[in-house]
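Below is one structure, written out as structure tokens; comments come after it.
Labels A, B, C and D are assigned to the chains in the order they are written; within every chain, residues are numbered from 1.
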Amino acid sequence: MRSPTTTRLLEAFHIVRNQTESLAAPLSPEDQTAQSMPDTSPTKWHRAHTTWFFETFVLDRFVPSYRPFDPDFNYLFNSYYDAIGDRHPRAQRGMVTRPTATEVGDYRRVVDIAVAELIESIESEDEEAQLAEVIQLGLHHEQQHQELLLMDIKHLLSLNPTEPAYAAEPKIESRDPGPLEWVEFAATTSAIGLAPDEGFAFDNEHPRHDQLIRPFALADRLITAGEWLDFMADDGYHRPDLWLSDGWQTRGAQEWEAPLYWKTSSSGWELHTLTGTRPVDPNEPVCHVSFYEADAYARWANARLATEFEWEHAAQVTDSSPASREVHLHPGVTSSNSSTVELKQMFGECWQWTESAYRPYPGYTAPPGAIGEYNGKFMINTMVLRGSSAFTPDGHARVSYRNFFHPGTRWHLSGVRLAKDLNEQ
Amino acid sequence: MRSPTTTRLLEAFHIVRNQTESLAAPLSPEDQTAQSMPDTSPTKWHRAHTTWFFETFVLDRFVPSYRPFDPDFNYLFNSYYDAIGDRHPRAQRGMVTRPTATEVGDYRRVVDIAVAELIESIESEDEEAQLAEVIQLGLHHEQQHQELLLMDIKHLLSLNPTEPAYAAEPKIESRDPGPLEWVEFAATTSAIGLAPDEGFAFDNEHPRHDQLIRPFALADRLITAGEWLDFMADDGYHRPDLWLSDGWQTRGAQEWEAPLYWKTSSSGWELHTLTGTRPVDPNEPVCHVSFYEADAYARWANARLATEFEWEHAAQVTDSSPASREVHLHPGVTSSNSSTVELKQMFGECWQWTESAYRPYPGYTAPPGAIGEYNGKFMINTMVLRGSSAFTPDGHARVSYRNFFHPGTRWHLSGVRLAKDLNEQ
Amino acid sequence: MRSPTTTRLLEAFHIVRNQTESLAAPLSPEDQTAQSMPDTSPTKWHRAHTTWFFETFVLDRFVPSYRPFDPDFNYLFNSYYDAIGDRHPRAQRGMVTRPTATEVGDYRRVVDIAVAELIESIESEDEEAQLAEVIQLGLHHEQQHQELLLMDIKHLLSLNPTEPAYAAEPKIESRDPGPLEWVEFAATTSAIGLAPDEGFAFDNEHPRHDQLIRPFALADRLITAGEWLDFMADDGYHRPDLWLSDGWQTRGAQEWEAPLYWKTSSSGWELHTLTGTRPVDPNEPVCHVSFYEADAYARWANARLATEFEWEHAAQVTDSSPASREVHLHPGVTSSNSSTVELKQMFGECWQWTESAYRPYPGYTAPPGAIGEYNGKFMINTMVLRGSSAFTPDGHARVSYRNFFHPGTRWHLSGVRLAKDLNEQ
Amino acid sequence: MRSPTTTRLLEAFHIVRNQTESLAAPLSPEDQTAQSMPDTSPTKWHRAHTTWFFETFVLDRFVPSYRPFDPDFNYLFNSYYDAIGDRHPRAQRGMVTRPTATEVGDYRRVVDIAVAELIESIESEDEEAQLAEVIQLGLHHEQQHQELLLMDIKHLLSLNPTEPAYAAEPKIESRDPGPLEWVEFAATTSAIGLAPDEGFAFDNEHPRHDQLIRPFALADRLITAGEWLDFMADDGYHRPDLWLSDGWQTRGAQEWEAPLYWKTSSSGWELHTLTGTRPVDPNEPVCHVSFYEADAYARWANARLATEFEWEHAAQVTDSSPASREVHLHPGVTSSNSSTVELKQMFGECWQWTESAYRPYPGYTAPPGAIGEYNGKFMINTMVLRGSSAFTPDGHARVSYRNFFHPGTRWHLSGVRLAKDLNEQ
């Protein structure tokens, strides 16, 4: 008879694995093959790589008799795990037309069956705990790739002049979010990061440690597309005094005049989305801006971005937490119908750039072995984003979650929440 | 009742159009989508572009009621015809995942039916002649793309670490071709290029005109892989005195140590081919060398490449002409069993680099309109190759044919035939 | 009669301005003209740009009748002050052969005389204070450029195959520094940054604010070249597990196998220095390493780099402060002859990479106007270095000083001081 | 007593060597050091490289006791002579600040004295002939570098925003050249290239050989800047049908809208010249256009460029030959005051692009050894220019001279002379 742990693990495993296939379902083999830029990966690759993770870290380790589905796949679908062996150059992923999307589906099924059998066959509690730990990591890893899959396919489809849609989804009704309000926080010392017994967290959310918080205020909502249009109208993309030096250069080299996916048409600014191209809605949160743009906007608005500690502290003290929800294909509009000022859109719409460089927490150590090559090695030249986005799978968001990207990238669902200093009393 | 001309035209149309689909048949949608480098195109694109040609230059012109299959296709599948309108950047062809390979098949069928109906419905002889001319051009254009399709898919599959084969084909039995012999030609004035009434030719083969021929000798066969290994063993890739200056730089930048698709293994040099990877056969003609390499080899061998005029003159006076044959997946070996010295391998194995820059013949004029953007605009920085290759479709080769590539490219089936000066008597 | 303030200001002005000319004196007009890479500037440019600072921010502002020495110079010798107007592209500075080095000398003299006259003529105390503030900033700015001048000329001379020396200087006697010892520091809250009344500091050292310090230990000296050779011998440059991801890529792209300026010779590793090429001394501190290399070394050594707060706190509590000293042409060796463990080489040898990203202190605001474009705009993608180097001019170093560079640059005198966590008691 | 040959040789040697120093005289050490792009070289380098030629090919060979001035110079000032040994990367020539310009002057004097002594000391006629041959080659080589020196310094000064002049020279009076007229030539067979006894020629002008000439007409003068303005006004830079494919790409990538050195001002088009910036004179010949532009212009004008054989034939039969003249700093205007139509501006104003690719003449062989690396290795991807320019030194031009550049370069004094086919009678 299965233990409740086993049952939960099996259920979670099936849910997450099936979710990946559901996200890929609207995509043809052609769609699943192309790689739009070195930062992105083909859908097919995401499906195979997440499977490779279970094959390598679960089956190879816990099932002595397991034979790899295809020995070449270790080379093709390893990503950054240098410790596991050579890997295929990431910019060349779109060249791997074989295995086909169908064969990747076979690979997934074979591995899923073997993992399910393994879960069911485990008898020792000790082994069950070990297995549960690595499967849990594998599922959170796969959820990350689910978000990447949507980001990446959005980018790929944007390069097709015919502007195809990924799928249909009703446009959320537009409502004026009303003026931005400030929520104030007093000086304190705050415990940041997840405590060991609070559930799953990536290594980079540990160890929990104290941070000094100075008095600050946080905007109650995200900056809207309409507010961004004001920034553009005030020449925000052409005033070097608003920009960091590297940002100014990037802006020039990449000829930014608006957020990614915006383009002008005869009737005004339009937006490429996963549901097709449509006019920019001034009420929706601005999305697909780089850290450089977010930072310039904040300077223009006489404000700043929050530190990641301020953000986490604010979420803690206001009991903000992600609601259970389906993945959406676009960030939604918030309403102003609340009678009290509260933090809105903390989760589920746009990731929020912080002013914190992505660096290890005091006392951080990466796990030993290949799994340790997960987060630590990206702790340079990247900035932390907090919250979650419309693309984030259900169950993947949490208050302590640290997302990160280079300050000049824009293909992620990243928006802007302002902060400002309060005078110390 | 159909005229014999109509019947022949219909038959030719079906043969060539079906041949393209046969060549694409072994390829999955994934294989047909990827673009391996800016010089190449996806299979799907070749299939669609050749169809677009008939839609644009035949149906749009001769069938007033014709409605384009999809108006976007004019943008997506136009290639270099700037006169027809904007076109999709060629390096981005791999990003166009939609239309799918299946939809491109539908496109082909719809256009084929419309063209066939048009051919059958023509009544005036004058119109028939006009139609035949443009269809004939379209078919020769499609045959060029059939060769490109094979070149391009060979390159794409070479980037897959699993080294997949395109298809199976029996390896031709290896035979020692024997020592290279010289065929001598006396000084004369020779008429070069096709005369107006000799059948179809591209614009660049006109006008027929005289060229002075000095006494020269032409090698009776192509240089073999075994002879190329001698060049390599004699440090041919590391002696700047053998190379043109631009070639020496290209060699360094691209780190050439052997022809394209050659790689070392524990048991010697191996070769990527459309039928898989196998050892280099010293008897087979060397292939996939750039002009720079061919020129360096010739200098090393105390010889030179022929001018394109010498090559054509030699072909004329020896009555060399292409045999009717199927497309092969690899150039074959020649035998030495002839008792007399004669020119072998002039057609059907490897294109032969000449020492002639690709420039217009005296009096050349491009046809008016978009069709004129066919050949003339590439008459710079390119060198002429003569003959044909294993990939050249049946009926596409002829003595006056001028192929051309930049001197540093290697993904075409290009080999080496030596020439040398003879003393004038 | 001059006030003591005026006298001190005049004296400081002459000392710093003359020091620049002394540093340039060994360099021919040819040496002063070339720019070795976009990161560096010609000597001539440094001499002119520092002069332009006084012309623009002092003479233009305080001397209404002042006429610019040459109106073109505002365009040529403005650096990053976008607010002042267009500026000459920084990568093109080596193309500006006119004005000549001699004319730049004339420019310096004219501006020096005008500034000195201005200082002497000031009567109001208020104006004197304003003037003193901007002149002081100008002098510290010029001292920064003195260090850059030496860094830049070192890089330029390294590109000359004849390996010329900038000047002669006696090699410091080599002594074994003995084993590395650890100096321990207890948990506390520490005030970081300079207080307003503690003397001159750049804007980025403000505001003074509290930081939590966890228990840590700091190495008593810099890592030596000998210790670096151990890292190299243990394959440190070829183990991806030791490197940050961006660092690993940079290492590969730039083919790093050793610190900048090291090269192999038949008798072992040699070093390009301003006094010529000589063997690497295992006792000298390793220098010219990037953050990526310093970080990889620390990981290899089971340690880490200090945060900039730990470094400043350690300097404060141990009363470390820079000694008054001349500029040296190479970092020196330390000795182990102290009977007690103490922090050595904190100043005057090599800048020390910290693990802190260069970001604004809480409450930081850039000064208004063009002078505010000084430090804040570089607070992205850069890491903080603390201490000072052999090239740092006398009087320019201080405990709160924040130097910064991109993590992949190496032409600065940057070395490694290790830190490690202590268990909290 | 000196033989007349010796006397002439000595005189020629002094004239050419002094001419180089005269051309460098207006340039400061700073001007002589910078390299503006990989295609160009510093003045200092030209002065040293031409001296190195005499040291290597004359003194090392004919004076057994000769010791090199500086052994490093063989590495620093060798250019493309790979056979002589490694050489300094050409794009890094601007980094070699030492030796100084003064030291290069010393180098020149020492070598000049040694060569002069050698010439005077030769006793055997045989040795005199050998010596004369290589010195003559060295002098023609140096004259080529004199033209390059002016081209290169013009380019360098153009990058200085202050637009400095190299020297003063009276502007030639502007005169309307009148309408372009055509000079006709009948079909014939023409001997091309210099015969062995006709005086000095580079290897690429040999062997003399026959070329078929078809009936053609040649424009009597160069295209003027005014005519070029018509081409620009007719959208010549924006019509892809006028351009070769590689040219269209280059135009786009380099954003060409006019010839090199042209720029718009409030009062119209201006021109950077060695004598400063001034308005474009519609009567002067257009200059600094690439082959791509020249070819597009010719197509626009319903004409073509001449082949190099047509050009040489036309010069032969019209007895065109270069007049003895000083170097000018800008190409001049021609007049229309001749009552008969004749070929004007064949020499001394702008080199004239031909439609001929630069390839070896039939039977061409490069001289053995390092001197053979002179011309042959550039016979690819380059187009022939005929005539000479304002910068060409006296005595360096001749009817058979073949100049050559890549079709996309523009820093040479290159202009346009049209040709057209005549109907065969």
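Things to note:
Basically, contacts are C-beta pairs under 8 Å (C-beta built on N, C-alpha and C of every residue); 3 or more make two chains touch, one makes a residue touch a chain.
Here the structure is a predicted model, which means the values were calculated and not measured.
In summary, no chain was found to touch both chain C and chain D. Computed centre separation for the pair chain A/chain D is 60 angstrom, with centres defined by C-alpha atoms.
Annotation: 47 Å between the Cα-based centres of chain A and chain B. Note on chain placement: the centre of chain B and the centre of chain D lie 38 Å apart, centres being C-alpha means. Across the assembly, chain B contributes no residue that touches 2 or more other chains.
Listed by label, the pairs of touching chains are A-B, A-C, B-D, C-D. Residue ranges of chain A in contact with chain C, taken from their complex: 80, 82-83, 189, 209-212, 214, 240-241, 243-248, 291-292, 295, 355-357, 359-360, 362-363, 373, 377-381, 407, 421. Looking at the complex, you find that chain C touches chain D at residues 28-34, 36, 44, 72, 75-76, 88, 92, 94-98, 100-101, 156-157, 159-162, 164.
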